[in-house]
Amino acid sequence: MPKPKSPKAAEFGPEVRAVFADIKRTRNVAEVNNFWKYLARDPVLLARTWQGVKEVMAPGALDPLIKEMLYLAVSVTNGCGYCIASHTAAARKAGMTEAMFGELMAVVGMANETNRLANGYRVPIDAMFEA
Amino acid sequence: MPKPKSPKAAEFGPEVRAVFADIKRTRNVAEVNNFWKYLARDPVLLARTWQGVKEVMAPGALDPLIKEMLYLAVSVTNGCGYCIASHTAAARKAGMTEAMFGELMAVVGMANETNRLANGYRVPIDAMFEA
Amino acid sequence: MPKPKSPKAAEFGPEVRAVFADIKRTRNVAEVNNFWKYLARDPVLLARTWQGVKEVMAPGALDPLIKEMLYLAVSVTNGCGYCIASHTAAARKAGMTEAMFGELMAVVGMANETNRLANGYRVPIDAMFEA
Amino acid sequence: MPKPKSPKAAEFGPEVRAVFADIKRTRNVAEVNNFWKYLARDPVLLARTWQGVKEVMAPGALDPLIKEMLYLAVSVTNGCGYCIASHTAAARKAGMTEAMFGELMAVVGMANETNRLANGYRVPIDAMFEA
Amino acid sequence: MPKPKSPKAAEFGPEVRAVFADIKRTRNVAEVNNFWKYLARDPVLLARTWQGVKEVMAPGALDPLIKEMLYLAVSVTNGCGYCIASHTAAARKAGMTEAMFGELMAVVGMANETNRLANGYRVPIDAMFEA
Amino acid sequence: MPKPKSPKAAEFGPEVRAVFADIKRTRNVAEVNNFWKYLARDPVLLARTWQGVKEVMAPGALDPLIKEMLYLAVSVTNGCGYCIASHTAAARKAGMTEAMFGELMAVVGMANETNRLANGYRVPIDAMFEA
């Protein structure tokens, strides 16, 4: 019953190596981070998850910095330690300054507070928001 | 043991009326939405919450559109129905297009998925994220 | 594939009726609320849940009003609509005034905010809290 | 103000020792895991929790492997580190293979994603699910 | 600022119609449920989400009934009303009996309880779970 | 891309030092705990958060011990490790005994369980709770 382990590089099959190569090329990094190494235990999940993340985080109507900040806001709300560490780093790499981080955290904190005030006061949705 | 009710306008004291006037002026709206009417049961909480929201959502290193999208990302993650309705409206008013909404939702969905993959695979934080 | 339904009173077996009688006696109410009627689909779950709630909510080192307020704080945090409605009623019946409710909500809101600030700023636990 | 501590074996009273003996017998293990040692600070909570877990996890309409996987799915969703570690071990002991774990994680990840898509798109419940 | 709306069938483009046809064929249903109609506002998200759900929920090391029950366990934990309604229906269609549903709910309830007991008692992970 | 760090005391500007002085005076402590040191990266957030916490936690209709226990109940529900450690300490300092802690945890556990039972059984709110 061992703890889940990242497989050793030597154990990776060709599908995993292909995904890792695409991650490195897309992100221009020398090494993939632990998240992908651990998912490599399940090459199908690894490939689908990477494909999804790659599509979702590509520039579009929102630029990558905004997308990374949204990712971080969700991760902070859920309290996922790994995700907070990795997406804080990714957001900084994409251009998040200290001031932006401070404002992001202030919004996330306030939203988590007012979400509960709305719950507890049982506020009905205004007709104008339902139209 | 009645359900919490929004007080009638006639019952609002001067502190509540002052907060409502500031909300209308700041947001350039004719009427405050239900959230503030319900919080008016507790004028101290109303005043502190409005003051906080006003400061946090003002333009700064992040513009109001990005802040509204972060607020929405948190509200969707928490499943707060009122907050999703009101902050979707606020984000649209601040300029969120249909395409931006679609990308926001895609990021929020993906982040909620990968947060759990990181939890379940018990991925240790990379040294480079701890430095 | 019908929506879960509360069984009709006529359908309740003797174990369910015994639990309902104990709920009415313990709480001094004429009718059990919907939660118990729905759980009655599974008499074993009903009996175990009622036994647990009865023990946990009995007066002890904490009085019933404090216990009801703790229950409400959890329910508001989780966003459980039924639980917020029923435990707001129960807390009022146990003596929660409007001012107490306002302060409870202020604490719940603030705790949900600072929980995320602690997550996002990745604050390490002080040695004095680990001793 | 010390951190909660597991009491030393020598300090356990007879009620605690009786529960521990039943845990060892029921699970056929030589030692109880930390969860139960920490709960032993409150013998009444310990006894009620063990009784509930024992009943709920016993073979029934669902076999123990499925129950352990459901337990793990909840723990991963909530991000409870201790619970993920202990119930991954328990599920493996009950027969969860690496392939089953991979599929479980894929379902948990997808459910957490689509739960938020349903929230954010404010999807109304189909009449056929309400019938 | 209207509430998100499901597009009318007549407005669906060919990519959306292709996804809907695949959903109907795969699930052997006459009509897609609201979730997919609402996602159709964003055809790329619709296609990726359906492809993911189709792969993840296909028979594998776990059969579809177990997968639907895991999906339901997550949805109940997160309190997603739409998801609870639709996946309760899906699990019943896949063979979940009333007794199975009762046991699933008992496990989900217990796991949510003990997750918090482990948090609050700050239980350290046993060495045997880390090995 | 370094991990967020608490600024060194020597780096604190006058606004931060003023807040720290008020925390020490209000709580009668020799040193502020890490939470405040980390928030000091953003002096505006620090000042607003401290002002809010100071107001919310002051004696009122609820005494400080009850407020600390509510804070702890929320933190345990959210699984915030830092917050559980710091508010367990604060609640003990405010007078929470071991027996009170045990009962608090029992209520928090039970509420988290029954919140999910209410979700999964889709229990409609009783008319008496809506009146």
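Note that the chains are named A, B, C, D, E and F in the order they appear, and that numbering of residues resets to 1 at the start of each chain.
Everything that follows uses one rule, which is that contacts are C-beta pairs under 8 Å (C-beta built on N, C-alpha and C of every residue); 3 or more make two chains touch, one makes a residue touch a chain.
Not measured: the values here are computed from a predicted model.
Chemist: If you apply the touch rule, which chains end up adjacent to both subunit B and subunit C?
Modeler: The shared contacts of subunit B and subunit C, listed by label, come to A, D, E, F.
Chemist: Going only through chains that touch each other, how many steps at minimum separate subunit B from subunit E?
Modeler: Shortest path length, in steps: 1.
Chemist: Which pair in B-E, C-D or B-F has the same interface as B-C, with over half of the contact pairs matching by residue number?
Modeler: B-E
Chemist: Determine the centre-to-centre distance between subunit D and subunit F, using the mean Cα coordinates as centres, and give it in whole Å.
Modeler: Once rounded, the distance between the two centres reads 26 Å.
Chemist: How many angstrom lie between the centres of subunit A and subunit E, each centre taken as the mean Cα position?
Modeler: Once rounded, the distance between the two centres reads 21 Å.
Chemist: In angstrom, rounded to a whole number, how far apart do the mean CA points of subunit B and subunit D lie?
Modeler: From the centre of subunit B to the centre of subunit D is 33 Å.
Chemist: Indicate the residues of subunit B shared as contacts by at least two other chains.
Modeler: Counting only residues that touch two or more other chains, subunit B contributes 1, 3-4, 41, 44-45, 48-49, 52, 77-81, 85, 88-89, 102, 104-106, 108-110, 112-115, 117, 119, 121-122, 128-130.
Chemist: Flag every residue of subunit B that touches subunit C in the complex, lowest number first.
Modeler: By the definition above, subunit B touches subunit C via 1, 3-4, 41-42, 44-45, 48-49, 78-80.
Chemist: What residues of subunit F sit close enough to touch subunit C in their complex?
Modeler: So the residues of subunit F in touch with subunit C come to 3-4, 33-35, 38-39, 41, 45, 49, 52-53, 55-57, 60-62, 66-67, 69-71, 73-75, 77-78, 80-83, 85-89, 97, 99-100, 102-104, 106-108, 110-115, 117-119, 121-126, 128-130.
Chemist: If we count contacts the way the header does, which residues on subunit C are in touch with subunit B in the complex?
Modeler: Counting only subunit C, the residues touching subunit B are 79, 85, 88-89, 92-93, 98, 102, 105-106, 109.
Chemist: Contact residues on subunit F for subunit E in the complex?
Modeler: 72, 76-77, 79, 81, 84-85, 88, 104-105, 108-110, 112-117, 119-122
Chemist: Along subunit D, where are the residues that touch subunit C in the complex?
Modeler: 1-3, 44, 48, 52, 55, 128-131
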